[in-house]
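Take a look at the structures below.
Both complexes below contain chain A, partnered by chain B and then by chain C.
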Partner chain A sequence: MKKSFISRRAFKTLALNLVVWVFALAWMLPFIGLVAVSIQPYREVVVKGWVRVPDLSSLTLNNYIEALRNPLYDLATGYRNSVIVAFLSSLIPVVAAALTAYAFANLDFRLKALLFATILFIMMVPQQLTVVPLFLLYRNLGLYDTFQGIILLHSAWGIAWVTFFLRNYFRFIPRSLVEAARVDGASEITIFYKIILPLSIPALIASFIMQFTWVWNDLFYALVFLASRDKQVITQKVVMLKGEFHIDWGLLTAGSIISMSTPLILYVVFNKYFMRGVAAWGVKR
Partner chain B sequence: MRLAKHLRPLVFLAPPFTLIAVFVIYPILATFYYSFYDKNTGLLSLNNYKEVLLSSNPLNMIIARSFSHTPPWGALVHNLVWVALHVPIVTFLGLIIAYLLKYHVRGSTIIKAILFLGIVIPPAVGGLIIRFMFEADIGIVPILFSYVGVESLSKTWTLYPQTALLALILGSVWLWLGFSVTVFAAAMETIPRSHIEAAKVFGASTWQIFYRIVAPQLKPAITVVVVMTLLWDLKIFDIVYASTGGGPGGSTTVLALVMYNYFARALDYYKSAAVAVILTLVVIPFIVLIIRRERG
Partner chain C sequence: MTSAFLKLDRVTKRFRNVIAVDKASLDVGKGELLVLLGPSGCGKTTTLRIIAGLETPDEGRVYIDGVDVTDMEPGDRDVSMVFQDYALYPHMSVFDNIAFPLTVRRGKLRLSRRDIEERVLKVAKMLRIEELLDRKPPQLSGGQQQRVALARALVREPKVWLMDEPLSNLDALVRMQVRAELKRLQKDLGITMVYVTHDQIEALTLADRIAVMNKGRVLQVGSPKDVYENPEHVFVATFIGAPPMNILECKATEEILECPGFSRPLQPSTRGLQGKLYVGIRPEHIEIVSISEVTKEDVVEAKVYVVEPLGSEYIVNAVLEGEIVKVRTSRELLLSPGDTVYLKIDWSRASVFDFESGGSLGKLLKR
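For the complex of A and B:
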């Protein structure tokens, strides 16, 4: 009697595991299809479909080479531009926001609550709300269609959430450390530089990686502020792979994989940081 | 020399807030100003708003004047339909999966990592993949429907007004589910396992444990998922721009796309500013909600 009860329970668990795993693999199918289509000549996919084991003899990297090298598509330039823009647009706000976050975590000043609310507001306000005046301003200042222009914008925008992120981290550093250093006569800059920063390396890396991914993934600001072919970033270039009437899915899938490769690699390497960053939203602080 | 005490914070705050003031605060205020600027008279008026809200051009329409069974219904309505379908699906599915992963399924870390991929990739590429998923003959969804013999759903979904919006919304579930699963899974970590074990000893079923013990403790997490998903839906741009560009016939336009159409196609910056303000007014109540929670 008891034995059959246990085995029924085991059977239920097994079935549940199976269902969830099938669901997860089904969730992967679009990615699998993307890879499958990208490594075959598109003609072959049209005739035979991709839901099969591909012929080893027809596997090719031509779609990738075409997308990267053909001057019509030129993802290679887009890739280079994205690296430049995303790197600098992450470095600047992480450095700047570390300062702001220190002030919010350890100093008292007037308008603190208001400034913090401003930070939170900027984190969530639509990007669309800033572009018209900046576009007109940039055109007058010669910042339109330059890396400097979009990097400054991304940096200012990034300071907001990185401040929020780092301030939450700094608050977990025992205040007694800061107080003790103050008693010893250390200046705030010294405390920041010698005590807080070395203890916060993981948070600094996490915010840099997440800001880098965010800037890399951005399309809207790039569309508005970068126009010429040699300035466009990879998200702009990959969207243009989709022709007006005819879609070459070989080319488009290869381009998609190229442009998401960088965030994917960062995600695989820094997995913990990503998950924690998002998970933090659900846990009460 | 030591800085005066009240000047000290300035060392930390001045450089970042200068950047923010020039590149975020000023343009936000100026956008409000421009949205009232009438380029014909040079005066401030509500004309931009009037014209934008009353436009019946399918590419720029915000609210349709009459509603038929199929889109276009106007960008704002599309956003709201998006919210009405996407938010409940993502919330319920996320809750159930996070619960199963925590207590009943092996290899949950890998499954969570798979689901999270949708958050990591560029949303523009997400839009292209959605297009790919719903493309006749090579997309997984039409292939499935042609396999079971439903002809009407085995074509390219994004080419028909009847199915295009639905395809994008379902695709956005695929992209965004990892967010809710991750948030819920993290929140469930904080529920002591002993509570669950105790309930099991007393003979509670899986469903009872979920409904009576887990769900009530997740209220703050549920609020976050609902509001963040809602904000994501209302601000959505890249996915639509990359997959359909608002077509066919304006049946998948959203507010952010209409703003961009005025800006880049019509080169009408003042109307574009007006749409940006309308979009902001729609999202502001939810932003305030989140700010209250974070400060409280």
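For the complex of A and C:
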């Protein structure tokens, strides 16, 4: 009796695992294909197709080296530019938005509701809609084709949603903590640094990673606002790996993987915080 | 300005259309423990928060030690507060939690690291939590967290201590223990304290004086004995006492008081009473007697509804024409629901309240 119960449970577990793995494989197949193609010579992919176990003896990193080193493609410069742009375009909005979010979560001031609604509204505006006036503005201000320009642009968009995200997180922190600190004589700045920020590390990390990934993956603004070769970011460079008449799939996939690796690694490293930040406050009180 | 150490002068606070606190005036003497007692939503916590400076009153002033603090920031008032959820900073050690009020104003108080350490150790020792100083609040039990919160409020030696239901999250045994300790601490250190609770037992045991609040108004301020024996408002009578005072809706005519199930002649001294009124009788001022003991005019006949044993005593619920009257007795009576009992009421201790306003009209009989 008991035995059959256990085996039924085992069967259930097995079936569940099977289903989950099937879904996971379907989900990962494009990525597996990407990796497989990137580490084989182009010739072999064309002749034998990509859905197979690669021939170990023919594996190569040439595609990666070529993509990074060849001055024609110059992915290395693009990577460096992306790091600069994405890092600053994430750091600036997270710092600025944390301060704004604190005000929205813990202070009372005039027009608070209206201002907050404005921020929500800004979040809803499609980026494409703003590009023409911004382009003209940037050309006049001399911000066109500069890092400062694109960082400013991404930061501005980032501040809106990160403010929204962090304000919601800050509101999970019991209000009595803030009030206790006020009665104890702490200034708002002290409360912000000593109480709110340390308790919000998961949310700060989560919003930083999401913003970083967003900026890193952006192609649209980069195409419009960064023109010169030495300023272009990695997404622009990856596009250029594809020739007009000829596509070297090995080169293109290697470029894609280099490009997507950084957000992926960040996500894996900070996964724990990321989950906590998104799932909000769960500390036992 | 006045002799009161902490003074609230006709303080009113509205939240949109709701009046949370309605012209509340209070005087608290130095070293006194005043309890704000009332049901949830009566405005007691808002009153406390106004004293702390976490809310700004719409009208009225707050004075501490003769200084008008109405427009001062909470941190400048030299008060400390213990919150219902303790509000311990979960990411800081117990030591840092207790030290927090000192570290944030280190410059102003001119304290060295050593001074802070000494003072933290002193209060930690007093509250017997020295061995917990390295831990974080989530690792502590409710009672321990409570002590840390008390220590944090105490370390600064504030002018006024504010407590917002600090014991309500503790289980019954720990609560009784901490309650006694708290009172001892307050008396030993001579701290002025305002303590908010909805628990009348807590109020009666702790308070030097109790302020009973309902619907934003302070209905009565007095010693526990005073509030219990001479309620100034029918609400106070029904809120204090376990079980509370029995309230009967009666009608007075020239010479007769008509109550549910019985009527009795009014004595000349109370002939002034007229019309509908409330008569209040404490459960311990009613006795269950056998018919042979007294003549029938002196007693009221009732039916037993249910008997609640409380260990050392019994609460007999008797029905008087649909109204339940609670009787406290220490005698073990063999009563079952439906039995007829005779109640002898100690009329000299019965209170009378105005039907409209609920205000006290004094005792039914002048003793």
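Here, the second predicted complex is superposed on the first by the 249 of 285 C-alpha atoms of A that agree within 3 Å, B and C clash if a C-alpha of one lies under 4 Å from a C-alpha of the other, contacts with A are read in each partner's own complex, and residues count from 1 in each chain.
Throughout what follows, a residue touches a chain if its C-beta (ideal position, glycine included) is under 8 Å from a C-beta of that chain, and two chains touch if they have at least 3 such contacts.
Quick caveat: nothing in here was measured; it's all calculated off a predicted structure.
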| item | value |
| --- | --- |
| Contacts of A:L252 with chain B and chain C, given as first, second, both or neither | first |
| Touching partner for A:Q128 - first (chain B), second (chain C), both, neither | first |
| Chain A residues touched by each partner, larger count belonging to chain B or chain C | B |
| Touched partner set for A:L177, first chain B, second chain C, both or neither | second |
| Partner chain(s) touched by A:F109 [first = chain B, second = chain C, both, neither] | first |
| Contact residues of chain A, present in both the chain B and the chain C interface | 187, 283-284 |
| In the complex with chain A, residue positions of chain B that touch it | 2, 6, 8-9, 11-13, 15-17, 19-20, 22-28, 30-31, 34, 97, 100-101, 104-107, 110-117, 119-125, 128-129, 131-133, 135, 137-140, 143, 174, 177, 179, 182-187, 189-190, 220-221, 224-225, 228, 231, 234-235, 237-238, 241-242, 256, 259-260, 263-264, 269-270, 272-273, 275-277, 279-280, 283, 287, 290-291, 294-295 |
| Chain A residues within the chain C interface of the complex | 174, 176-177, 179-187, 190, 194-195, 198-199, 283-285 |
| Parts of chain A lying in touch with chain B, wherever the complex brings them together | 13, 16-17, 20-21, 23-24, 27-31, 33-34, 37, 45-46, 49-51, 96-97, 99-100, 102-103, 107-109, 113, 115-118, 120-122, 124-137, 152-153, 155-157, 159-160, 163-164, 187-189, 192, 213, 216-220, 223-224, 235, 238-239, 242, 247, 249, 252-253, 256, 259-260, 263-264, 266-267, 271, 274-275, 278-284 |
| Residue numbers on chain C that touch chain A, as the complex places them | 52-54, 73-76, 79-81, 83-85, 87, 89-91, 100-101, 104-105, 108, 137-138, 152, 156, 162 |
